[in-house]
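In structure tokens below, several structures.
Shared between the two complexes below is subunit A, which has subunit B as its partner in the first and subunit C in the second.
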Partner chain A sequence: MAPFNLLYYRPDTVDQALDLFRILSKEQHHPAFYGGGTEILTRVRVQDARFDAVIDLKAIPEVLVHREYQGSAEFGAGLRLTHVANRNLWPLLTATADRVADHTVRSQITLGGNLLSALPYREAILPFLMSDSAEAKVATIGGMRTHRVRDRYDQTFKLKPGDFLVSLVVDGHEIQGLAFKSRKMTRIDWIDYPLVTIALIRRRNGGIRAAFSGWAGFPFVSSRVDKILSNGRRSPSDRAKDAVEHMPMPALSDTHGSRAYREFVTQYTLAGMLEELEEET
Partner chain B sequence: MTIIGTSVRRKEASSKVTGRARYTNDMNVPGTWHALFVPARQAHAKIVGIHTADARKVAGVQTILTAGDLAPLLTGDVTEDRPPLAKDKVRYWGEPVALIVARDESAAQKAASLIKVRYRPLAVVNSIQDALKANAPLVHDNIGSYTVATPPASPRKHSNIADEANMIKGDPDRFLKKCSVRVKVQVSLPQIDHAAIEPRIAKAEILPDGRVLIQASTQSPFEVQKQVAKYFKLNPGQIIVQVPLVGGAFGGKAAIQLELLAYLASRAVGGHTVKLVNTREADMATSPVGMGMEAEVELGATQDGMIQAAQMRFYMDIGAYTDSAPRIARAIAAQCTGPYNIEHLHTDVFSVYTNHTYTTAFRGFGHMPMTFAVERAIDELAKALDQDPLRLREQNALAPGHLTPTKARLTRSNLGHLPLCIEQMRRVIRWNQAAVEPIDAHRVRATGVAAFWKTSSSPPNAISGAITLMNSDGSVNLNIGAVEFGPATKTTAAQILAEQLRIPIDQVFVHEDVNTAVDPEHWKTVASLSTYMVGRAVMDAADDMVRQLKSIAAAILRCSPDDLDYGGEKIFVRDDPTIALRYQDLALGYKYPEGDSIGGQIMGRGRFMIRHLNLLDQQTGHGRPGPAWTVGVQAVEVEYHRITHQYRILKAATVLDAGQVINPKAAAGQVMGGMNMGLGIASREAVHYDAQGQFLSNQFRSYRVMRVGEQAEQYLVEFVETPQVDSPFGARPLGEHGVLAIGAALANALSRAANIPLNVLPLTPEVIWRAKGGKAYGAL
Partner chain C sequence: MRSLTRPEEVTLTINNEPREVIIYPGETLLYTLRGDALGLTGAKPGCENGDCGACTVLIDNIPTKSCLMLTVEVEDHSITTVEGLKHAPIQEAFLSQSAFQCGYCTSGFLMVGHALSLQGAADQGRLVEWLRSNICRCTSYQEICDAVQSVVRSEVE
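Then we have the complex of A and B:
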């Protein structure tokens, strides 16, 4: 239970949501935007909440968009992860998002909630980080702004206080028939946080891109790692070894696994994924 | 026999599957106030000050207690070393420091957030090694001043050793040296959580006439009654403990903790009804967990595989307080050989204080970690001898005529038949002599086995009882003092009563809760003893009812009671069954056609007391620790990947000597559940502490239990039946046993598959990888 009065609002429009945030802040409240609620509610339970008002975005039509439109695919930030997976507009997104938590929880978690989670994993962002075309629509007081996801990503997708993520758009041409692999490796369980989740794509020019979650305190991509992985003249295991040695930051050591073990798992997983990816294409 | 040996549906099944079953927290009296404790956020620290003034100002807060508000009180099942609220210092992360009573939960939580405890951190004893170092910081400064309320226990002054239990038999030093084959195994097991679905809860109320009502989720209602009386200087009869259905216990609800706090909370607010309920986080970090263990086992054998001698040392991470550790230590010492005949033996068991969450009984009462150590050693011995590991176990199995480590004499009745179990296991798992079979370039399949035995380790004066009342329709109400927390205890008692009275099982009604004011005393619902103890009491009560039925029927039918027999809910004349009286005609007394009546309600009373047990001698460890030993063998088949060290559990199997199976489906389910729990513990469960002793695994997202889909692909359970003659229908205890050796069987399978001894739990792929050298991929 929440040991304090929690204000709950469910605006119908983008503007109402923005106004509410501004007004509540002015009234000395600490508002937070509310997606699926899984993280907010679990944090309230353990008295780790720094908000006293929530603005539920799930009644706003723009936040629930789920469509192919003018050659693009658009995903509302308020879509549940299970909906994203069931509709399967972008198989790579399905593959990464469908391994978050368990099915019951995924039917609550929203895409935007996962991307902006306070937890280090946020696997659903991996496909967007690897995409050249991925754009985010952000609601701001000054109107709807569109940003390239990668431009606004530095350990986390950057939003100004009071702004919120409305939807994500990727170019249909970019994602059509794209060869990819996604694998989540855990300590032992099928359902658990990742030791490492790896997503790989092979672009039409043969270049390989990789995105990682669980290795560090935030998901990341690395052009240096991509370059190593793209060198098709070397064996998958050599490239995997080299990539692990050239990650932009050292691997975490925690109760899921030690740093050395994370490196080991990342290496064999990456080698296996490269092999399969290149066999198929 | 008609009902014994048939799969009857458990009495509370319909309520449970429809969600109508009521647990302690499902029944709330309006106006109940909420108690909440503030947990320590240091593992070992002096309490410099507790600031409660801001918290007291929160609307709805009734009172706030700290140790300073209470008369000095130390509690404990064996050694009294635990204050209900931390006094002067905290000894584990999560220990209750202050207790708030408020009108509602949110006020209590608000107040809790405003209580500021100032600490001066002390060096943390964060492992068994830390605790045993020379000049180690002491978890308890004055061990010597503690009262041992229930001997035996041997705390060592100025140390972190809460207890030491020893066992010597024969001449181990001499015979171990003479053995041509010797193996030594060191194992390490982390603390684990009971992980019952229902978190612990206690409610207390003090009535104007002085009676104390306690409702709690406990395995020990009668012990709660006695302890509350003792600590707070009340009469046990004044205290009424009521226990509805319990949502899983696993030994963790045998300990008494929240009941004392709930009583203190109620007393502090004039006896008002107060409820104290654990969050999951508190249930894991504050209430007791299962012990961790480090152990060393050395076995010596002849070239043909006869075990001659053994030397063992067990160190238990009991956490900050003793609770039942000395009892568990003696259970380990008494059964330390496993079900094998070892003539020469020296075993020491140490209960070691650390700044970890304190521990209590856990399903198997120490036999699970003990069995892990012993069965790993047995398997290494089989490898050293190049012998079939099942054959090795079979040829060393204890048999009638042998003596246990404590020199208790074994008979065909008090010892289950391990060789028969092993013989059956060979068929069940299509035994291939433990060969490792390749599947493809990287994967192999391997099977591991391990055997177990266990007795109850109950006190020598444990009692049980049953009261039965006949209803006007001839059906019978059964009252027993055993708590129902899952294993169909009440249903088994009903089956035994139905069988004895020769009535259908649906004519027996067992009431689900236990109330110490009306139910006969049952020691504690622990140690898999309910079938034996309650069963015997129920049989006694049934005999009492039959005697009464016959006696009144004899008068009415004008014959001797000896001429009468019974069945089909009737009492009849043996040589002419048409001369009969229905139970319902006698239930509330018999009314003659003329109207005059005789008799009264038929009510049975039955009782049982354990016999022939004694406390183990402190020097030699000799004595008789339990009425009988259940034995069995377990096996696990794994598919293992030699590069990634990932594995799948294909099969898990148990063959157990059940004596006589009373309810086949319930028994199989109980053993399957045990295997699943044991495999979860062996493969993934662990309480983690950080370098400062902070408890890191206080949610199911960080404390990993086996989830649906992660279990073994197949669970196989079979029983052999050699009766325990003093038990109802020959039934042997089997409640805990599924858990006992399955972890060892998993480790034995993986040790063979990975070709390296695996002695550290939990067996995650990382642990195997580390045992294999922990090298980078490709550096093989």
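Then we have the complex of A and C:
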């Protein structure tokens, strides 16, 4: 494969990155912020993207933060998924992020790259969607802004052109000792896009929260589904059946599986996960 | 700030040696390694989409699919290709276990197996998880797994 027609920039600071995006855009270029590069390079290869300049964020210290700090856990958007899993500050995030792609590719994919992917499958965002406290630090021309993840998420995490995700912060108290289950179901191979990925947490008040990826063209959570799943007076299989019938949108029907097959797999997986989660807690 | 907007000569550290090569900004590491200047054709172009693993090399001893990385990203890192293994234990193990058929995927599997052997102990689950990154169309998986197992210290030992 011949070299791609790309200009490459690797700024050292947040301000340099923001300025570069603005200047390149003004010069009629089509810049993209670049994390691990796996998605940008594959999309450019099949001419599915118009980027002609990349701004590699991996030399910016704020993007590589990975720490427990003042009762919170902070994850830089430039962290590789394998680093997130190996350090395991948040076991639920480890469980979901550690099933993206394959091990070698996970050592290239960054947390921010997965969260902001143009693909439907963004398993690493599921824990943040279920969290009450998750906040995103976003670099903007006007300075660093902090947003609640759930407030900025509508099918994708909303960013204005030229802004970029710096890090995500969650309350350490919320994630400590949290009971959870996470399962990625594929049609045949272990390494594949998911028919559905399901993450469940059991909150301290006993309520269940669920997040899904693969069911639709984007990851989602649903308060209606959570309410159904939290009704402990009903059996796990009844709740799973009801939840599948009350999803906020119909299941995808694609080469990975038909709508009926996705519904079937989701229902029995959800029932099994509920049973395991409630037995353990 | 580093930028590369036109072809430029850079120095890469490949198999512990400095190598000077002219690269384009949008050039993948796979393309650079296999080009006439370096001629390191052990990393194979397969899917060039990050799926097959035939192009795997090590960057600072971490397996990396070289079709999914720009060369300019690895200027200040150590690159190891299959040519740099030079009778490493994993190569001997592949021979003794007959862990290949057509051989196209072999260099990628060797690099993953070698990297895992450098990591210290690994249990069977970890070994399989690492090897799942690569595809063998001849389906020599059992022999490959046995070969890697023979050079990776078991966690229970």
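Methods note: the second predicted complex is superposed on the first by the 277 of 281 C-alpha atoms of A that agree within 3 Å, B and C clash if a C-alpha of one lies under 4 Å from a C-alpha of the other, contacts with A are read in each partner's own complex, and residues count from 1 in each chain.
In this section, a residue touches a chain if its C-beta (ideal position, glycine included) is under 8 Å from a C-beta of that chain, and two chains touch if they have at least 3 such contacts.
Fair warning: this is a prediction, and the values are worked out from it, not measured in the lab.
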**Request:** Examine A:G78 and indicate which partner it touches, taking first as subunit B and second as subunit C; both and neither are also allowed.
**Result:** neither
**Message:** Looking at A:Q16, would you say it contacts subunit B, subunit C, both, or neither? Reply first, second, both or neither.
**Reply:** second
**Prompt:** Which holds for A:R187: it touches subunit B only (first), subunit C only (second), both, or neither?
**Reply:** first
**Message:** Touch test for A:Q108: subunit B only (first), subunit C only (second), both, or neither?
**Reply:** second
**Asked** Taking the superposition as given, does A:A260 touch the first partner, subunit B, the second, subunit C, both, or neither?
**Response** first
**Request:** Check the residue A:G37 against both partner chains and state whether it touches subunit B (first), subunit C (second), both, or neither.
**Result:** second
**Prompt:** With the two structures laid over each other on chain A, which partner does A:K241 touch: subunit B (first), subunit C (second), both, or neither?
**Reply:** first
**Request:** Check the residue A:P120 against both partner chains and state whether it touches subunit B (first), subunit C (second), both, or neither.
**Result:** neither
**Message:** Just checking: does A:Q47 make contact with subunit B only, subunit C only, both, or neither of them? Give me first, second, both or neither.
**Reply:** first
**Fill in**
After superposition on chain A, the subunit A residues reached by both subunit B and subunit C are 1-4, 45, 102, 190-191
**Asked** Of all residues in subunit C, which touch subunit A in the complex?
**Response** 1-5, 24-28, 30-31, 45, 48-50, 53, 56, 62-65, 67-70, 72-73, 112, 129-130, 132-134
**Prompt:** In the complex formed with subunit B, which residues of subunit A make contact?
**Reply:** 1-4, 45-47, 102, 187-193, 237, 240-241, 255, 257-258, 260-261, 263-265, 267-268, 271
**Prompt:** For the complex, which residues does subunit B have touching subunit A?
**Reply:** 105-106, 108-110, 113, 279, 281, 643-644, 683-684, 688, 696-697, 701-702, 704, 707, 709-710, 762, 764-766, 769-770, 774-778
**Item:** Residues of subunit A that touch subunit C when the two form their complex
**Value:** 1-12, 16, 36-38, 41-42, 44-45, 54, 56, 58-59, 101-105, 107-108, 190-191
